[in-house]
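Read through the structures below before going on.
Paired with chain B in one complex and with chain C in the other, chain A is shared by the two complexes that follow.
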Partner chain A sequence: MNMWQKGNPYLYVLPAVFFMIIFFFGGILQGVLQSLGVSIFHDDAQFTFKAYQELAQSIDFWQSLSLTFKIAFLSTLLSALLGMIIAFILFIISLKAYNTNRFPFLYRIFQYPLVIPHLAAGYLFLLLLMQSGWLSRISFQLGWIEEIYQFPILVNDTFGWGIILTYTWKEAPFITLMVYPVLLRVHKSWYEVARLYGSNMIKFLKNVAFPLVLPAWLSSIFIVFAFTFSAFEIPYLLGVTYPQLLPVYSFELFMHGGWEERSQSLALNIILAFITGILGIISYLLSKRWLSSERRGWE
Partner chain B sequence: MGIRLKNVGWKFLMILFLILFSFPIIPLIITSFSAGWRWPEILPDQFSLRAWNYVFSPYAGTWEAIGNSIFIAITVTFVNILLCLPAANVIARMNFKGKILIEGILYAPLIIPPFITVMGIHLTFIYLGFTESLIGVMIAHIAPTLPYMLRALIISYQTIGLQWEEQASMLGAGKFNRLRFILLPHILPGIVAGSSLTILVSLSQYLITFLIGGGHVVTLPIILFPFISGGDIGIGSAYMIIFSGLALLSLWTMNTLLKRYYKARITFIG
Partner chain C sequence: MNKINFACLILTISILIAGCGVQQEQAEEDISLNLLETNWETILKEAKDQTVNFHMWGGDDRYNRYIDEFIAPRLKEETGVTLNRVAITDTKDVINKLQNEKSVNKKDGTVDIIWINGENFKLAKDNGLLWGSFASQLPNVRQYVDINAPDIQYDFGEHTEGMEVPWGKAQFVFIYDEAKITQPPKSIKELGEWIKQNPGKFTYPAPPDFTGSAFIRQALYETTGGYEQYLNAANEEELDFIPLWDYLNEIEPNLWRGGETYPESLAKLDQLYSNGEVWMTMAYDPGKASSQIEKGVFPETTRTFVLEGGTLSNTHYLSIPFNAEHQAGAMVAINYLLSPEAQFAKMDPVHWGEGMSLDPSKLSNEDREQLHLLDLGKATLPADELAKYKVPEIPANYVKWLEEGWFEHVAKR
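On to the complex of A and B.
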């Protein structure tokens, strides 16, 4: 009934979908074609898997891939743990508080790293962690180091500590943002009932609160991993010239190479799009499971 | 009493975390006001406005860059509203075949980084004359921002069932009145939230602006980049404060507008 009254839903979504298919997926498709050597702008272009073969044979690519994976993994792990801990502390405070009106203020303050642009976050950590940076100065004043070179190299370092710490600072609040609202649906009375039956806070968190937030937590972990795996700005600012992270490697190939390097850059992009796409689908499936189990739990 | 004391401990821990998270901001602010800050000094012995004077001097081009950034962000916001209003309307309130696929298409830029698509489309943009132009940069900014606008509008549309409009229509309200008194009050908060998120995300774009604009479309991140990658750290810090400030300002504006809107509604009803 409503369907006929409102008209065809496909007409309503058409402008947005049309735009996305032309300018977003169209771009990806053209990337695929160019990575295979096909281009409408080059008459002599030939279909070939050369770009992919060359990537597979290049040591630079494999080093870059393993470094990217390592940094994304460590950043995700740290921010997932820290974000979850913060969400649980906020939750415990709210459970024990007599007046629950004031604590959202704490939660709101915690969101500001989310608003700071990535380029700015990278720069903050550059000023904080570089050898002449603020931490190094504080270490000197505390007597931990005597010379500037004794401070460990934490930015533009081969391990990637600067990148990992920046991502942790930036993404932990995101995890909190995804997890905390789910925790808030656990009523205070549930905790009181649990206590009445002899449970304590740790048991309550482990058996009631944690299973409830698990799907939302996992779902946001996949999003963070996809992001830290494919974002450009922070590694561009805080990384080293070799080995580079995949997005930076792709950018350098794209900007400073000829037609052949450009094909390799686009081939690399397609691999990135494929990996992040899969991670996105996993995250969606997890959040869907959360929604359905939520309905089972609350209704 | 015992419980209260324990809670003080948790709050203390929370404040410790807050300090830890605010810590990185401090050197940024000091650096922007410092004059010749030598290494072991925790605070510089001399402060100066040198960096700020440079940033706001006429030859730095900061105002033009801020103007460009805001102009691009606002145009992108308007296009996003036009594209998303009809889409959010049906996605929020109707079930139809292929809805999940359509949502997947529209939300994809949240997970697949937009620079991938921009690099792929680059040659076509050169061919069409969209590179090194405002219009090309605006088109490139739409995909990464559209999902935020769509999400905000869908949440708003979900609060109003189709029955509301049917009811109004049965009571004799015309199309305009239905829009004015039923739909608009419900989706206005969504438009405000979606717009501020769009502006926030558009302001922060560096790579895709650089790829399409080629350095000719000068936005704030483009103008500040040379200073933060091996340039003058004082000026770099001053620029970063302005850059983050703009982002915070767009969010603060949204909060204020929404608060004022809901307050006005409550007084109206009361």
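On to the complex of A and C.
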């Protein structure tokens, strides 16, 4: 009886662990093996680094990689800043308000983009921003432009603004969602105390509030980067034919190539996962350092 | 001791079951062999009360409704066969599934009918995934189909050998707006001139999009001197696609967005067309423009055109997998799908709006009259005009070379 009770918690997590091992690690292992040319479906396959070598020599790959980095970096930067600003604005409003109801309505508005799937968001931005899209037509009706072709090219553009804008719109609320609850734990009285000692709002935000949200902010930034770096739908809808973003490149190789390209496609995915993994470790170490030195503030 | 007894019991039972299994398998094989030789009455009797699983691409609502609302109830009433449509996103998934089932020797498959052609048919045929030569067993095939016509006998260059039955025909057409273009071009060369005079008003979906890929094959025929040279499969080294790449690069600066990017799918091109951003689109489906007008997606003044040198056409087929459980039911269902009644309904743009696979000259006078009365929609070209400007498809292995070549020579430049 005693033993049963001891073993219980482990037993309970067993299904979850099992699931993780089989589908997550199993999937990754399968991907690694296939990228190395080993497959359970083909007996004649040989272990080889050919797929990685070919990728390293391909200009397409390096072009894709740098473009993917650029777009993921800019999307993350913009959504991190915007998300943080929104969170702080909400926070300031709640500090200044007599009513501590904390404006749930306003907060709700900023959360709406979260419920829209990425594919739908991509299509929405396409309809909104294309040269024959809603904004362009409205500008035309208002006489701001004489022809719809004068509307700036914002989607399927070579720079990637369409992708960046869509990601920013989708991910900034996510950052707010991660950061704002932490700010809510800051008591109103702290601000009053700070003011008593001659601090103003900016100093208070900079020296008190910002360090508190930093760990949550950093980890949400990492999540956003990992996502924008490896998601497929939005770059597929809003990208250009060449160069493609890595996820799109990998998808095309997998769907339309032969067996050899399939190894390359999986090698691409492994590289994506590897880069994301490294960034994950870095952000973990960073936030751990911040956490250990800043945590004391709460106690 | 008890355990050993139990184990013995299990062992005995499993041997018995295995034995039965073998006998049953034998019996089943006999039946399926018979079905390819027996008379139609026996097949009808066998098929009664069977439920047939029809795996077909489910991406178009019109096609799905045609099967569920027109075919299924009539088939049930006339023959007692229940047709169960199973929507799939890619026929290749079914081929993979059958391949896996073949490798583990699974006998009672869940796929009874598969909608197939081209590359997938070749793959299935080469790997023994199809049941057998059943076409000549079906009365409607014998009566109405011209099985010796080249565009029916050869599926993307591959001999059908009666292992699949033609269900319908598709042809490539260009779609344009009559209000904006009075004289549509008659050749790829004229199209090039038109693009030069109307910069930004034309583009095509980036291959490997299905329709975009068809467009470059269409351009290939004219720029390299006709389709005849491609009827036989060749080696990649022997092929000279350079005139094609030259043509596509020449039109590129005057394409939509200066050729900087291409729509990634036909859906995007159609969107650009219905927004008026470009003035032409295309379809591997002569009836699509009419039904898009009806739905209010394309402008009322939308029309279609084909080229003087002919546009690509292909036939799509129905087949029965090697391990189909209800072969008799599948034969009866396919036979009904090839009846004049079902084929005429399919031609109607209300249902589907695509060409029939039956030979008009083999129809009864009554049926032929009905065929003439069919209203195909205002944008659809008459069947005889489509038939007049028609060229066959290229063997399947060219398609990949062209798609890769396009990426290297056109997209990357």
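Note that in this section the second predicted complex is superposed on the first by the 271 of 299 C-alpha atoms of A that agree within 3 Å, B and C clash if a C-alpha of one lies under 4 Å from a C-alpha of the other, contacts with A are read in each partner's own complex, and residues count from 1 in each chain.
The working rule: contacts are C-beta pairs under 8 Å (C-beta built on N, C-alpha and C of every residue); 3 or more make two chains touch, one makes a residue touch a chain.
No experiment lies behind these values; they were computed from the predicted model shown.
**Student:** Which partner chains sit in contact with A:L214 here, chain B, chain C, both or neither? Use first/second/both/neither.
**Tutor:** neither
**Student:** In the superposed arrangement, does A:S132 touch chain B (first), chain C (second), both or neither?
**Tutor:** In the superposition, A:S132 touches chain B and chain C alike.
**Student:** Does chain B (first) or chain C (second) touch A:Y242, or do both, or does neither?
**Tutor:** In the superposed model, A:Y242 contacts chain C only, not chain B.
**Student:** Identify the partner contact of A:L177: answer first if only chain B is touched, second if only chain C is, both if each is, neither if none is.
**Tutor:** Neither partner.
**Student:** Output check: A:F24 vs chain B and chain C. Expected answer is one of first, second, both, neither. What do you get?
**Tutor:** first
**Student:** Between chain B (first) and chain C (second), which does A:F110 come into contact with in this model arrangement: first, second, both, or neither?
**Tutor:** first
**Student:** In this superposed model, does chain C or chain B come into contact with more residues of chain A?
**Tutor:** If we count touched residues of chain A for both partners, the winner is B.
**Student:** Could you look at A:L77 and tell me whether it touches chain B, chain C, both or neither (first, second, both, neither)?
**Tutor:** neither
**Student:** Now for A:Y10: first (chain B), second (chain C), both, or neither, which partner does it touch?
**Tutor:** The answer is first: A:Y10 touches chain B but not chain C.
**Student:** Given the touch rule stated above, what does A:T158 touch, chain B (first), chain C (second), both, or neither?
**Tutor:** It touches chain C, and chain B stays clear.
**Student:** Residue by residue on chain A, keep only those touching chain B in one complex and chain C in the other, then list them.
**Tutor:** 132-133, 148, 237
**Student:** List the residues on chain A that touch chain C in their complex, please.
**Tutor:** Residues 60, 130-133, 148-149, 153, 156-158, 236-237, 239-242, 252, 255-256, 258 of chain A touch chain C in their complex.
**Student:** Where on chain A does chain B make contact in their complex?
**Tutor:** 2-3, 5-6, 9-13, 15-17, 19-21, 23-32, 34, 39, 41, 86, 89-90, 92-93, 96-97, 106, 109-110, 112-113, 115-120, 122-128, 132-134, 136-138, 140-141, 148, 169, 173, 223, 226-227, 230-233, 237, 247, 250-251, 254, 265-266, 269-270, 272-273, 276-277, 279-280, 283-284
**Student:** For the complex, give me every residue of chain C touching chain A.
**Tutor:** So the residues of chain C in touch with chain A come to 200, 206, 208, 257, 260-262, 264, 272, 275-277, 400, 403, 407, 411-412.
**Student:** Mind listing the chain B positions that touch chain A in their complex?
**Tutor:** 3-4, 6-7, 10-11, 13-14, 17-18, 21, 23-28, 30-31, 39-42, 82-84, 86-87, 89-91, 94, 96, 102, 104-106, 108-121, 123-124, 127, 139, 142-143, 146, 150, 162, 166, 200, 203-204, 206-207, 221, 224-225, 228-229, 233, 236-237, 240, 243-244, 247-248, 251
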